[in-house]
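Heads up, the next two complexes both have subunit A, just with different partners, subunit B and then subunit C.
Take a look at the complex of A and B:
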């Protein structure tokens, strides 16, 4: 493989050094964690950074733990880590359900959850799940630490609230008792980017959080659907009501992978099946996590 | 006639055979699982190795105004930059319409315009970006129907001047590079008299081979003027021939050109003939003394090797109420791409056989090879047959339904049998088509309606027949050398390629059978054109048959030499001698047993102390001496272009999720008439592999181009081939054995055939499940979902 573009590469040991390197860079810089997006872009000559800051040598970015009903996911946590973690399986099973649909084992061994939402392509699998979990993104920059609610994180196509001199340190999520699901439309059984996806969380009060992926410039929360069916079990009527609202919550496009119409149709199908499965899981009698619902 | 099923005890039905007909362990297995097997990119060429990179056209059709290589030449590490001016030669497999580097015009996006040779691969890639090419963009033709329309711009204005094989009929002044016509009987009258006539159009897109190993070549012109080219290829001798021809102006003769082909990581037709290898060979001539490596990326693999051609198939079939097919009109507009030097023969092969395996008295086939400004079409497993069977077998299901006949009964009634007249007037070879139909139907419980418990799921069954003949020049040949070693083991030299199909093993089995040896005592390796005898190419599903015959003949010659020595020394008549258990034995003297190891090198000492015999060496060759391609251009009648057909049937049981459109293949059965399965496990491997590849083309794969002719999905992100998650729940390989009279032990080829039936069988199963007919490939889940929502049910 050839990376035709030349760039500086640093591998700092601390966040301070890393943020300083970013701040001091007069041109463009890229942060490297798993590199599964960045290296492909470099190979394709699609990005031309002057500096690449590799954060893998920095301590403290690999946390994957629950404390005080808050889950922390460090920025070096990979999708494989999510799939193999009993903490995730117990407290945030949608993360592992989504992780399993990401690319292939080799990629999942390197690709990070945080990198996934930093690349912020519309089809990013972590996006809808983190939206449904109401996660927070924690960053550090020259002016110190700050956190951004996930809904404010995705600001446009491949654009996030991260400033160029900031590094994401970790994600946090308050853990409700819940059931949920991540349902993803793929073209076949093998690895694929989502053509559409839905993440659903439901608690015992039938309070829903619903987010769609790959059907808008960013992953999107479906607040109107949530509000409409709040407090009600997913009966046929409730599902029909929710499904009827789907198309006003999303703005899918036609592309190589699917038509807008099929994406919209599948959002309806996935929401209908997902609401049932999520509620069954909440109740302890749904299909096991990580089984395909479509 | 016998049929076999998986895992049936093979010895029992195998009669007297010891090596042939057994599932011998593949002889390349240890090489591959141990890592000993070397592929071109594994070979070490030392620190003098240079690397090539290609400057590619960004336009589908343009005139090259100027090329400025000066900046690239000054870039770090660059040794040489070459362009079309350095190699103003055309060449081609069957038609000389191709160039080493673009000559004046580019005709597809990605076409090679210049080549950069540098010390490192990275330097070559970087410098290639510095070559400045000015283009005058021309109107591109991306659709074969548009390209044949009156007044369409010409992609090859010089078409009339190109050399070509005598069985091509180019239409100078058009974009039709070849037009294969078949005219038999009177279709007009037959349609008028038919009880039912159905006409429709079917569309099949382009496909990529997706071999795991990309194309790679290393060329070296040494200081003595010897050109050696290491290639990942299905066709070492054909490559040598084309290199020698294309580069003849540089003074090469065939003896000076040597092609070495180590193991290959899959071909599927994509490594047949010559594609990028000629670029590597030409680059090497520019930097005498240095090996030059050119290795394609996965993207280049998609857009600048061969692609399977797309086709628009207009089909009209007439039948009587009793189910007799009376007429077929099949017009195939092939999107053959920018250069058709190989692809035009795909068009030819399809045109000869576009009725499918049926007895049809009135035929009008038109198979048009149409230039377009898309990447060159070429050979792909199935060689045109996969493409036309999709429409044909879909259509016949519809015809059967329209006259109220069961699709299996309909096919059975019209199935071609031995002696029936073919579309070009020759006669059908012995074939097990009827048992193939019956066994396939039985394997999928044809006629038994199945219903799912899930209200969102419907179940459908579909069946399709297939046939295919090797598409070869009428005199395509194979040869082999055989030599004994001191311990009675044997080396067999052939020039067919081990592509994963098990060719080397099958050749070893044939030699072992004739010579009474265990298969383990026979070594067969990948070729080097200097050392190994001629083989046309490993394509057309012909090497088991053709190369197998050459090996059989070499082994017979060796056996005769062995018997001759025994006769000289011991006086036994040759016809009383036989080989078994690595010994020469005699039917008239049960006590006689002479181990081969005792004499096949050193000979046998006679009573007077002198010796007889010496090293046993032999050769064999095979050329089909009954074929000819001399048919009438207007009717296709008169020749005998195909050696024989291999036939079979494919059946599918599928479930469809009616909400998502997703198809789950629950059962896939395929019966193919191998004549004689020399290695039943390898035949089953071909069947399962072919089924999966066929399913891939119908369910997932789809080359997509934008309006400027740029391939949008030259990657596995958006060009989907099946994974382990996507194979059918159950695959049932069925081997039919109706011997091919001229085949080695009755064998004929099965490699390509196994993928042909899957696509139409799925289309027919979708119809069975949903009542919706989809007439274009692929049948994706999205297309099925659309069909469900459009369907009245």
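Take a look at the complex of A and C:
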């Protein structure tokens, strides 16, 4: 089986060339980084671009560093890069924890974090974590640079705030001293998409940021839950209060990986366990990062 | 488009279309048949190759993307003599039909390059993207673990 449509391919060396190629394209264009989604979609004929712009030869898109508590993740950073980075493990451990659950090594070596949120499928593992880290997505287009808060990024099923002539350059996250977790429910402990997922960040003031994945058309931030328990340690009562609110924050569906009811129930279980683990980790104890909580 | 790709140490000048996938180019133009056509969507791992020493799914890579990069398949790994891993695959009966074996050997080779003495969990994790429908995986895991144990032995 081959890719059923021909297209033009360019591999520019600078962002200027890349944005010009996108702007000059009279038909539709796709940006290519790792290609683990795009090539599969090309083959399925789900996308049929006239032009594919490969951004892998552009310098400066591989940053992975922390300065003044702000982490930068370039748009060519792969999930393997996240897993192997001591900087990420120290400052943004939820990124390492989520990266390890993505597909398998042969995909993680190629797939980028930014590509994951550009594809924007409901189960994307980077989505909940970046929501919990309150990330900003930085883009460049014909009108210059702009940034989009991650909450405004996911606008629908496989739809993002990126305009067709824009390229994501990097993500930034301001990281408080925090504990947290990424809990992913899968059918088996190997390569699988999330049936449901939750990311939790808690800081020293017990200010929480909570986001769910695979239980709505986009990853969703659970503001109502956060507001209800802000400032309080996750005691049994606080957890019960949080858990009681979960179903009004999500809208899961039935599909081949799980029923809506199972997803909703497991979101409650994962939130309860996750709140405890996140707070323990903030204290420097609890289960190590990258050990599965479910 | 004209591209130059290095496959198993040999340089190839090829004429490919942008829509040509690396897997098909390896098999049809270059004649390297160990990467298998399985699911063609990145799930089964039978098309695994090493790209600059890291495993990738050759069904999800365009041939034009690997211009200037180095592709290695099992033909390259076992060219002069079988690797320890390949020998142990034979000794321990680690494959039956053999369809998944090239991909699994490459995934395990990547693991052993980075971690010469992996534990069982490391091996399972490294092979999590390679499906085998014959063996039930146990003899495969045994072979990879045995390479690690061998590497730990002191040569007299």
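Keep in mind that, in the parts below, the second predicted complex is superposed on the first by the 293 of 294 C-alpha atoms of A that agree within 3 Å, B and C clash if a C-alpha of one lies under 4 Å from a C-alpha of the other, contacts with A are read in each partner's own complex, and residues count from 1 in each chain.
Everything below uses one rule, namely that a residue touches a chain if its C-beta (ideal position, glycine included) is under 8 Å from a C-beta of that chain, and two chains touch if they have at least 3 such contacts.
These numbers come from a predicted model, not from an experiment.
*Asks:* Just subunit B (first), just subunit C (second), both, or neither: which does A:56 touch?
*Replies:* Once the two structures are laid over each other on A, A:56 reaches subunit C alone.
*Asks:* Counting touched residues of subunit A, say whether subunit B or subunit C comes out ahead.
*Replies:* Larger number of subunit A residues touched: C.
*Asks:* Is A:265 contacted by the first partner subunit B, the second partner subunit C, both or neither?
*Replies:* In the superposed model, A:265 contacts subunit B only, not subunit C.
*Asks:* Can A:48 be said to touch subunit B (first), subunit C (second), both, or neither?
*Replies:* A:48 sits against neither subunit B nor subunit C.
*Asks:* Can A:36 be said to touch subunit B (first), subunit C (second), both, or neither?
*Replies:* Second partner only.
*Asks:* Contact-wise, after the overlay, does A:2 reach subunit B, subunit C, both or neither (first, second, both, neither)?
*Replies:* Touch partners of A:2: subunit B and subunit C.
*Asks:* Could you look at A:191 and tell me whether it touches subunit B, subunit C, both or neither (first, second, both, neither)?
*Replies:* In the superposition, A:191 touches subunit B and subunit C alike.
*Asks:* Take the contacts of subunit A with subunit B and those with subunit C, and give the residues found in both.
*Replies:* 2-3, 190-191
*Asks:* Can you name the residues of subunit B that touch subunit A in the complex?
*Replies:* Per the touch definition, subunit B meets subunit A at residues 121-122, 125-126, 129, 657, 659-660, 662, 699-700, 704, 712-713, 717-718, 720, 722-726, 780-782, 785-786, 789.
*Asks:* Can you list the residues on subunit A that touch subunit C in the complex?
*Replies:* So the residues of subunit A touching subunit C come out as 1-3, 5-9, 11, 32, 35-36, 39-40, 42-44, 52, 54, 56, 80, 103-107, 109-110, 190-191.
*Asks:* For a test of understanding, state which residues of subunit A touch subunit B in their complex under the given definition.
*Replies:* Residue list for subunit A touching subunit B: 2-4, 185, 187-193, 256-259, 261-262, 265-266, 269, 294.
*Asks:* Flag every residue of subunit C that touches subunit A in the complex, lowest number first.
*Replies:* 1, 17-21, 24, 40-43, 45, 48, 51, 54-57, 59-62, 64-65, 67, 107, 110-111, 124-126, 128-130
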